[in-house]
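Every chain is named by a letter (A, B, C and D) in the order it is written, and numbering of its residues begins at 1.
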Amino acid sequence: MDTQPSTVGAVTPKPAQGAKPTGKPAVDASGKSSPELEHLRMRRRLIWVATGGFLVTNLLMFLRFFFPRTLFEPSLKFRIGSPSDFGLGVDERFKQSHRIWVVRLPDKLFVIVAKCTHLGCTPNWIETENKFKCPCHGSGYDMEGRNFEGPAPRPMDRAEVELDAEGQIVVDTSRLYQCPAGGKCEFDTDPNSYLAMS
Amino acid sequence: MDWAQLWHIVSLPDNLPIVALAVLVPFYAWYGLRQARKTDQLIGTLEANPEMAATHHRKVHPWQPAWAREVQVWPYLLRIEFLAAVIVTAVLLVWSITLDAPLEEPANPNHTMNPSKAPWYFVGLQEMLVYFDPWFAGVVLPTLIIIGLMAFPYIDANPLGVGYYTIRQRTVALASFGIGFLMWLTLIFIGTFIRGPGWMWFSPGRTWDHTRVVYETNRNLPDLFGITGPWGKAILGIIAVGAFYAVAGWASHKLVTRGSLNQKIYERTNLLQYATFQFFAITILAGLPAKMLLRLLFRIKYVLITPWVNI
Amino acid sequence: MEPDPNNEQKAGGGLLARAREEVKELRQDLKEPQKTQLWKSVFRVKHERTDPRTRALGVLSNVFLHLHPARINRDAVRYSYTWGMGGITFYLFLVLTVTGVLLMFYYHPTKLQAFRDILFLEHDVPFGRLLRNMHRWAAHLMIITLWLHMFRVVLTGSYKRPREFNWCVGVILLVLTLLLSFTGYLLPDDQLGFWAVTVGTNMARATPLLGSEGPLGPQLGMTPFNDVRFALLGGSIVDANALLRAYIWHCIAIPLIAAVFMGVHFWRVRKDGGISGPAPVMLESEIKPPPPK
Amino acid sequence: MARDVNPGADRQSTGPDPIVDKSLSGPLLIAAFVMFLALGWALYAELYGGRPWKNHQRRFVSLYTSYLKKLRPRQLAAEKAAFASPELQKLEEQLTAAERSAGPRLSEIDRQLTSIRHRLAILKEPFQDARAKIAALTYELEHATSANGKRSIRHDIEEAKKGPFRVALPPEDGKALIVPASLTFGELERRFAECKSREAQLIAQQNEVTSESRELRRKRNDYLSERLVGLTQQQIDGLLRKMNEFRVEIKQIHIEEAGLVERCESCHLGIREPVTMTAADMGGNPLFVSHPVKDLMAIHDPNRFGCSPCHNGNGLAVSSVRKAHGNYEHWLWPLFAKENTEAGCLQCHFKDRVLEHAPVLTRGRDLYELKGCAGCHRYEGVDRDADGVADVRKEIQNLQTRQKESRLEMDREIKNGDQANSNEEAQKHFARAENLRVTVSNIDAMIGELEQKSKFLMQDLKKIGPNLKDVRLKLRRNWLPVWLRDPHAFRPGTKMPKFRLTDDEIRAISAFIWQSGLDGPLPVPQAKGDAAKGKELFETRGCLACHSIGEGDQRIGGEFAANLSRLGEKANYDYIVRWVHNPRERTRPYCPHEKRDLGPEDYSRHGLPFVADPDHSSCPNDGSELQIQNMTVMPSLRLSTEESRDIATYLMGLKHEYAAYPADVSYMEDASLAARGKQMVGRYGCASCHEIKTLEEAPRIGTELTREGSKPMEQLDFGLLEHKARKEGWYSHRGFVERKLNDPAVYDQGREKAPEDRLRMPNVQLTQADSRALTTFLLGSVDSPFRGEFRAIPAQFRYLPTDQQRDLQEGWWVIKKYNCMGCHTIQVGQKSVLSALPRYQDPDWKEQLPPSLLQEAARTNPGWLARFLSNPALSEEDVHRNGVRTYLAARMPTFNFSPNEVRILVRFFEAAAGQPNPYIALKLEPLDERERLMSRALFSSQAAPCLKCHLTGDERHDRYATAPNFLMAKERLKPSWTARWMLDPQAISPGTAMPSGLFHRDGDRWTFAGPTPNVFKGYNGDHVQLLLRYMFELTPEEQRRLTRAVPTAPTAATRQSETVSSGVRSR
């Protein structure tokens, strides 16, 4: 019944108008189809493809648009120097700037986030008793940040550490490792939670 | 002849629209008027033999009785709309890829750009500032233009020429609008291409030199007659303006009532309509060019001088 | 036309046969989606037959298309008559809206950030430059097409009774478009925009009665701090406030107003009997006496 | 079409319907296709077209990787070599030894640690579990409401604490058998705590035991790192790894607080790499080189300062080079050209006179003063003395007005007090009056101070050119016009620029100059001297530090002052003698108040002798401060009249015989010409460099250049060349300045101008390098970069010098002003002009070079230094000699520094040597009799022949002495430094003749290296300290006693031999 393929051809790109998106065989009333009609149907397909492609690509562009190439956020990754800069024990150099302690044990080095696991106060390192003591509610942690007194539910979290190309330690405080009481302890198990020292 | 300069101005991204206008407007004018001419011929023939007029389908477009008088919007109109959309998109894309939108120095109130121009579609107004005081060029005039445009259909009492291109049936309307449109475009062209640093007049192809010096002393009409007293000035001004309105009014009346059709239309026009028409015609269509010429040719700044307003 | 699956299943199905049936059905649907319930639910009309009625329904029942009548004067589809400028203008408005909204994602209307944001758009936002250019050029193009539209309307005398009011609406739309473009000009906060706007608003300063430098303005106690220009800029100079105001006018206020007027404009086109022509010519001899007032 | 016809319309069709039967698919297809292509284009532009950095980064990775690979083996070899070195071997051995010694204890500690940790591990689980349980119960207890509820919970807690907790602990001694124990919570906790603390102790021990080996290891690493140039093996590997993990992206520095965004490193990827890479290293691609000056990067860390604050350019832009470098008209801060980079420094260091890392810029500043630009073009902070005078005058006025006001106020208060109707109110008023009286007197004091200051400033006020009031006394009349026509021809390289003068202009000017000259009192007529002697003197006294002599390639000497090769052609002998004898001697004092030169008549009118010197510096007529000396920087060399005559004779002999001068210059007496001449002189601003009668207060004629670098382009007048400039691409500040400097008249080309409107700037002789330096300086002179909305160098970048740094810069102004560096070495690596002269290449003359002042203040007592600077002769009567090093031919001149400048200089030297200010001498306790004997013995012993070289004041001896007199040490030197000096002079000033190693370390004291006299037997004090104390309480008679003890002064011959043999001669 479609005796005017051209018209349909014209409108196919707007499927929303309820025409047939791709022409079903353009056969006129008497059922015979002609090469001319075939030709038109071909065109119609091409138009459909071009326009459709255009719209789809636009959609993709639209999505890409929302991911700018650069950001202006302060980075939580920072260098703290090379391992040889840290003697055995707790290093308080970065407590002010980044709220972390760097702990160096004979066999490994790791970074404790200076945040009491009880209510989030900043504990103090007490050299003489070699333990961390939280001023707020008296939670106590040993030099590895493991809680042994007070209300703290679990050891202090540790930040991810790794060595970069030039042998500098890179700390990433956005990646934390926890050791919940009773739960699975990520310390030591996860290779990124500490640096092995020879 | 400084071709580089010329090219520089013409090729400024922000001036491209004006270049486009320069092409499009003439084209469409021709495109429309061509049809108008056809129609007028048809009208001519039909006026000539009434019996043909009685039977004729009265369109320039071909028609056969077997053809439907109406067609489906879907698809016959929509397909055209779609085509238009596609073309515009393509054009816009290419344009946007090839030409970057201008971005100049960060805004700096302490450093005036020379020349500092309004956006091109307002440059016409800025150009008017040369001929009139800001309060007129910048405020009154635009308002008048807008009002004039709005009043346009209410003034036009011509019953003929609705829905087809024609000239002979609508000379007055077309002429008045045409003049206005043309004037607006001309102003834009002058403002963009002719006006250089210091808003000085640089004929096309002349180098825009911000150190250029020109001798321009403007005088006021009264000075020509050596009138100094404030009253004298005011009176002279009023006389001059009055005279202009009288003459221009008379002339335009003669024009508007030429020909039998115009005569008929004039008769159908009531006083209010006619007065408004005359006011706008004289003030904007005649007044502006007149003042511009006075200024450009005879370097006359003000005609009417009063303690409050000068024109 | 296709056989009813239920019969077949009765005929002696077994799961396999049934499944085959399902698949067959699915294929059918894919071949003729118009038949599926989903399709029907979306496009309220049956479309299997392309007869005038269906097509008319197609237009009328489609929210985007129902601005159009179902059928129009056979010659009105001729480009030679319409020039299509009105439609293009509207299309450009849509383009501007889309690109504009996208640009807003990366733009802060503050003195410190505005310019930097433009640089940011130009240099690393994906497609940022393309979008910005499109936005600007579309704006220019829109003004051109607008004028041409107006030109055509005058040439064909389409503003005449009964369309006078719609013409007025059109004029308002013209003004709004210019304002839109103008307010947008300041947003990059560069010298071009800054001085363009300064020049533009300085004219407002000279408004009679309401401007601090206009005739009779000072006499009425107009100062740079209480006149029209101040109201436009939110200050006596083009500064942070002006930027913010331009931004809000440009992105929210004026587009809304314009949209409303556009609605009216299109609505009136329909109500005033579609576009004016091409109408059969009328002859001087056929002028009827003026209608009684 | 059936369906388009209204129902009932006849169906038979006629011809195709142009609307209904036309197909649009053709145009549609094309349009859609075009649209699609356009989109493709857009994508390309987005992904590649506008993103040049993508390719750059890929190229960089490949280039850098290959470079590192090349580097690797080289470094490997270097490391091998370093390891091979004996020192390192030694360290290694020590290290292994230390580790071995620590070994057993360590292993013991480790064993204990492991066992403790094991115990802990066993204890931990039950302990923590119990603790958690108890904590939970406690919580319940706290929150329980009912009394018996609490009771029951308490009970539970008790139960919980009882345990018993069964733990199988291995015994402390770590024997294998395990005793299961059942404990209560208390015990459990106790043990846990014990273990914890034990562990801590052990770790501490471990730490302490390993400390030595750690120390050694650190040492070894340091040793390696300082021996190894460049990178170590694993560093290189690290970098290679980095390259493998390299991500192609915009590299950005974002400095939040400064609002700075720098993406330069998206393309300049090599800049911060630890390796130094030249373009050659990176396949000839200059884009990837590392920053040329690593030290600068160290001071200005890019992470804090970014790039564009120094280099300009658009840090945000990455889409094209043009945009990124800001080389387009709409970017106001285009990248500084390579040869002018240092301009960037000036933006923050605009107050600094000398910048260590910016030689070009510093040279630019020097030239600005040297060539007298400052004469016509004001530049903030350059003409310090003149500005200073003005400021002081203003300040004084303000103070005076304030004083008047407070006086009036005071009277009012007193009146009120008298009329007060209550006693305490009166008291209040009188009290206020009292305070005011104090204020008034304070102000008096201040004003006095300021007047002093202005006096000093006037003393320091100098002019670039000679005083033209003396032309008649000094010059040959017919020489003047020749000079004016082309100074560069007469004296190549002179400061005097070449004005483009027409003949009659020259006539007029010379006429005016000549007639405005003073005609008396004439210099005293002088007898001829001995030219040969004069030559010697001229070349040895140090004149050549500033002046040059000889022409073309014969030219030797400094560029600071005039080349005297043709002096004979222009000058008047008597005047030259006077000048050489004392250049500051002024013919007539000038009174700035009356604006004229005073003559004898003014003095006689008040019955005063016609003398004007620092003590008689006030005007006899109105008492205002006079300008009593010639405003020249040339100092007095304290030459005797004979010497002056000799030198003058020598100089007058220098002339071109063939030089011809116009015979008839009678017009120079023509008064009418003079009038015109005065206009000319005013117009060309001669008075800004010269003193000219009636034009003393003439204002500057040039534009101010303080902000030249940031002037809006259209304010630079390119004249008719603007469009040429645009076409040829030098329409920029740089282009403008460079061309202007090379040809000051260039922007008049093609302009129709009356002579008096033409550009006045004269041609200055500049080498390519010089004009580059000046351009750099001017480009950097920008409007305060800390203002401005979009691009501002944030305030926290501002350079805030410490007091010492400020003192340094202050001092540099003076040092440059008087060209101290002509004779002395003041900056590390800087060579004085003298040291470059042929004469001083001979080793024997090297001895004669003026001292290097690198550590001056560390050596000398500031008080003494001040005294020395203001009077280098250190004596009022016999002045024709050096104060300290009488043996030097070159003479430290008398500069007539004002106390201001003396203070500045002393401060400078103290800052340069990092000395605390003020200096407090430390007290040396006096010698007792024995010690005096001992030191006397040592001094006069053959082993330590100090007095052979050090001056003693004895004529015969001093002829050969080449070291300062010990008598001076007491007040001149700082004991601490002297001690260091005696120990190792070579370390302090390499190449000095004073021998090192006179003493050797003996336990905690220094003892004399040579054989000590017998008196020393059983003395266990420090010999250096001993000598030091002796030196610092040395008296003339003591010295005389010594000299008597020492064998008679050696003959020149012996001296020579000794010089060679022992070289025991101090500087």
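Criterion: a contact is a pair of C-beta atoms (placed from the backbone, for glycine too) under 8 Å apart; a residue touches a chain by one contact, two chains touch by 3 or more.
Just so it is clear, the structure is predicted and the values come from calculations on it, not from any experiment.
When each chain is reduced to the mean of its CA atoms, the one lying nearest the mean of all protein CA atoms is D. Sorting all chain pairs by how many C-beta pairs they have in contact places B-C at the top. In this assembly, the C-alpha centroid of chain B lies 67 Å from the C-alpha centroid of chain D. Centre-to-centre separation of chain A and chain D, using mean CA positions: 48 Å. Rounded to whole angstrom units, the spacing between the C-alpha centres of chain A and chain B is 60. Note: centroid distance chain A to chain C, computed from Cα atoms, is 40 Å.
Each of the following residues of chain B touches two or more other chains: 67-69, 71-72, 74-76, 78-80, 82, 86, 89, 93, 96-97, 103-108, 111. The set of chain D residues touching two or more other chains comprises 1, 4, 19-20, 24, 28, 32, 35, 39, 42, 45, 250, 261, 263, 330, 789-790. Counting partner chains per residue, chain C shows two or more touched chains at residues 50, 52, 58-59, 65, 74-75, 77-78, 115, 119-120, 122, 124, 126-127, 129-130, 190-191. The touching residues of chain C, counted against chain D in their complex, run 50-52, 74-75, 77-78, 111-112, 115-116, 119-120, 122-124, 126-127, 129-130, 190-191.
Only residues 1, 4-6, 9-10, 12-15, 17-20, 24, 27-28, 31-32, 34-35, 38-39, 41-42, 45, 330-332, 712, 714, 717, 719, 722-723, 727, 788-791 of chain D touch chain B when the two sit together in their complex.
Listing the residues of chain A that touch chain D in their complex gives 3-7, 9-10, 13, 40, 43-44, 46-47, 50-51, 53-54, 57-58, 61, 69-70, 72, 74, 84, 87-89, 105-106, 130, 142-143, 148, 151, 164-167, 181-182. Chain C makes touch with chain A in their complex at residues 31-34, 43, 45, 47, 49-50, 58-59, 62, 64-65, 102, 105-106, 120, 124-128, 131.
On the side of chain B, the complex with chain C involves touching residues 14, 16-17, 20-21, 24-25, 28-29, 31-33, 35-36, 39, 42-43, 46-47, 50, 53, 57-61, 67-78, 80-81, 84-85, 88-89, 92-93, 95-97, 99-109, 111-113, 116-122, 125-126, 129, 133-135, 137-140, 146, 149-150, 152-154, 156-166, 169-170, 173-174, 177, 181, 260-261, 264, 268, 308-309.
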